[in-house]
Amino acid sequence: MTTAIRVTVWNEYRHERRNPKVSAIYPDGIHTVIAQALQTSGFQVRTATLDEPEHGLTQEVLDQTDVLTWWGHMAHKDVSDEIVERVQQRVFNGMGLIVLHSGHFSKIFKRLMGTTCDLKWRESNDHERLWVVAPGHPITEGLGEYIELEHEEMYGEHFDIPAPETLVFVSWFSGGEVFRSGCCYTRGQGKIFYFRPGHETIPTYHHPDVQRVISNAVRWAAPIPRMQRIFGNTPALEQH
Amino acid sequence: MTTAIRVTVWNEYRHERRNPKVSAIYPDGIHTVIAQALQTSGFQVRTATLDEPEHGLTQEVLDQTDVLTWWGHMAHKDVSDEIVERVQQRVFNGMGLIVLHSGHFSKIFKRLMGTTCDLKWRESNDHERLWVVAPGHPITEGLGEYIELEHEEMYGEHFDIPAPETLVFVSWFSGGEVFRSGCCYTRGQGKIFYFRPGHETIPTYHHPDVQRVISNAVRWAAPIPRMQRIFGNTPALEQH
Amino acid sequence: MTTAIRVTVWNEYRHERRNPKVSAIYPDGIHTVIAQALQTSGFQVRTATLDEPEHGLTQEVLDQTDVLTWWGHMAHKDVSDEIVERVQQRVFNGMGLIVLHSGHFSKIFKRLMGTTCDLKWRESNDHERLWVVAPGHPITEGLGEYIELEHEEMYGEHFDIPAPETLVFVSWFSGGEVFRSGCCYTRGQGKIFYFRPGHETIPTYHHPDVQRVISNAVRWAAPIPRMQRIFGNTPALEQH
Amino acid sequence: MTTAIRVTVWNEYRHERRNPKVSAIYPDGIHTVIAQALQTSGFQVRTATLDEPEHGLTQEVLDQTDVLTWWGHMAHKDVSDEIVERVQQRVFNGMGLIVLHSGHFSKIFKRLMGTTCDLKWRESNDHERLWVVAPGHPITEGLGEYIELEHEEMYGEHFDIPAPETLVFVSWFSGGEVFRSGCCYTRGQGKIFYFRPGHETIPTYHHPDVQRVISNAVRWAAPIPRMQRIFGNTPALEQH
């Protein structure tokens, strides 16, 4: 691929403007830290946030986006159904989607999964270890056997998602839970990756292995150039 | 299991009342033929149709339903969103769902899949052969290597669904197409089976192998008695 | 199914005869405890052990076996290749196979998986918790959200197996590891379930939830009556 | 990736030297045509054939191979078990493997699958159409909705393989059969792709879409740089 993959980093961007504990870690927002990491990896990156017009996700922006990353938490309900519909259509047409942490409860993820996407959670500085269970998968490129996060919010099973097409990471938490933390899906021509870590009060997106996974996932999720699919009433094919 | 599996056979039941060609084949509706076949297999069966109050799917009916079968075509949009939501919640809690033929475009199936569920189609009396590709699967019990349907409507790939958890049948059509005709999914605690054949102008639901597949699928999709899942804020587990 | 499922419980049966610590827990062998639990569940059970002629697995015994359970550890290499081949063929023809604990390194499991089946392990009385991640699956019938084993040998990822067709359990260990502890596969017409717990120095097979899982797995893995598959040179099918 | 992917194209190379009908199509062997196509795609390509010492697959050659393609048919049994073992180990360590057509019955493929890999077949110039069923998958890059092959040997279901991790192509044959023609697997850290077409008496490997699929598959199957997996007795991890 000679031209850079075009990434749009979407962020709710509300915790950072209201909670000093969060802004101390992400003074310019979670999106800025993720965007900088992706730029360093050679992608062509822009950002978009909830309180911009059309949440920063105009049709034009989406049409120029190969992969969209999504972080949201306290304001899922403020995302307009029209924009969710627009993002979903773009996924069907091939745009990759990387859903981060509390984005499990976003409208777009729930709609693409068809389940509640509910889970257990606990904010008590659990120690997390994300074990690689798919060691040949491109999303694990350059990683060791696990990613170590000294403190993170706990997410525990049962995680109410469809069985992933590929399960890449399983998390261990010191409090006694496990979690399917890296999950690949396809919807239409679009590839989707859910990646668990990233609580807003912890500097997880500064962690080099977390940044590496997001970069790897962008590369994996980028669309491939190919045919239009044809639907509807179709004549029989010529036979030889 | 000592008590019979309770099945509700749902049918749109409009073609049969409007189109003499359809009523000649299904004078009492598609649902009646399916229900009789399932009763013969030993299930406890009731039927429900679109034009009944609440489409025949009150909360009480759903609570007493282990497996719901769904046939719809011309009136998908007339199914109320509230009832669709109710059916979906019941699937999440364990009710099985068998989606038949043109039900691929029903609100409930599209919502559970998260995709458009679009496909190619052609009404030209194609010859269809449904090949078994999962020969140990309980849905294939008692079948030969394929099911032969002398005439059927063609459905062709690309069928825009998530990759099935288990692919049970692949159809061959004389006009040159193939189709993933038997597809298993899980959503929440509920099992879902999509089964392709069943165009309203063809006596497909009178075919013994088609009836057998639906019976097998009901048995496979019946809920299992087990725990409630717990979601939300959870304390750490005691360690030994 | 009106006739009882016929189970053969196979055990290496060497630790129990050499190590007093093991015989204190399983005086008549691991197989006897498993067999009793399965009899109580209504199955028709026999046992077979390594040092019997043909390891107790004559063609006649296998032909009368619907589901075979397998526990081995220190003597995998003493299992004859001819018997392994015989078991494999029987799996292809529909016999279910439940592989227990250290059976991950048995010849039959490695041959059916096509991988090394290697893993991490540690004998240090880790606390284990097997979380259900497939809550609608028949193997989880009657269980809570997890199975708690106060002490067990640790098995850790990476577990070098093909990605399971269905992942049913994920284990958490107090020492910091996770493990895919309940894994479903199909090979030919036979269903295979790998179930992790069961170190010989710990009374794991006396645990009611462990017994329940093995019973559920037997029911799930039982063969279905159906067609012979036809292979080889085949004429074209008649077309209508 | 700045350095070219290193491909070894392996061919049995016996039909071409014995059967004038085959040598008319592949005068320098099937491997030469595949190798030229891959070179044109920018890969660093070498070839190896059965009758070379060590079948051309010395440890050194395999260590320098990122992806191995395999065509064999009449002489599967002449491939030495030692070399098969060597190839398998290399796959476990990350080498990609593309198995072509009658390679379904090769020792290496059967060993990695754990099944018989048997199928139906017929040499009667069936018309074949390979439908894409995974439209976002990198192996389908640049293709239309199907690949059309005017004449090919028929392969029909049941194809006795484990369910593919991703099913990419399903073939339609004019004689009435279907076949899972493009199947992705992972074994250890290695990726495997089975691709059906390529009978020796038909110029299939000259077909641009067939060449494109093989190139795409090489790119998909190339190993990723990453950690060594650690197996065996392991101390507990430090906790924070």
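The first chain written gets the first letter, and so on, giving A, B, C and D; residue counts start at 1 in each chain.
Following the convention adopted for this analysis, a contact is a pair of C-beta atoms (placed from the backbone, for glycine too) under 8 Å apart; a residue touches a chain by one contact, two chains touch by 3 or more.
Since this is a predicted model, take the numbers as computed values, not measurements.
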Pair exhibiting more inter-chain C-beta contacts, C-D or A-C: C-D
Centre to centre, using CA atoms, which chain is the farthest one from subunit C? A
Taking the mean of the CA coordinates per chain, how far is subunit C from subunit D in Å? 32
Centroid from C-alpha atoms only, then distance subunit A to subunit C, rounded to Å. What do you get? 37
Shared-interface residues of subunit B (touching two or more other chains) are 129, 132, 134-135, 145, 156, 158, 163, 165-166, 174, 176-177, 186, 188, 229-230, 237, 239
Given the complex with subunit B, which residues does subunit A contribute to the contact? 92, 111-116, 118-122, 124, 126, 154, 156, 158, 160, 162-163, 165, 174-177, 185-188, 229-239
What does subunit D use to touch subunit B in their complex? 129, 131-135, 145, 156-159, 163, 166-167, 170-173, 176-178, 180
Touch list for subunit B against partner subunit C, complex: 94, 127, 129, 132, 134-138, 140-145, 150-151, 165-166, 174, 186, 188-191, 223-227, 229-230, 237, 239-240
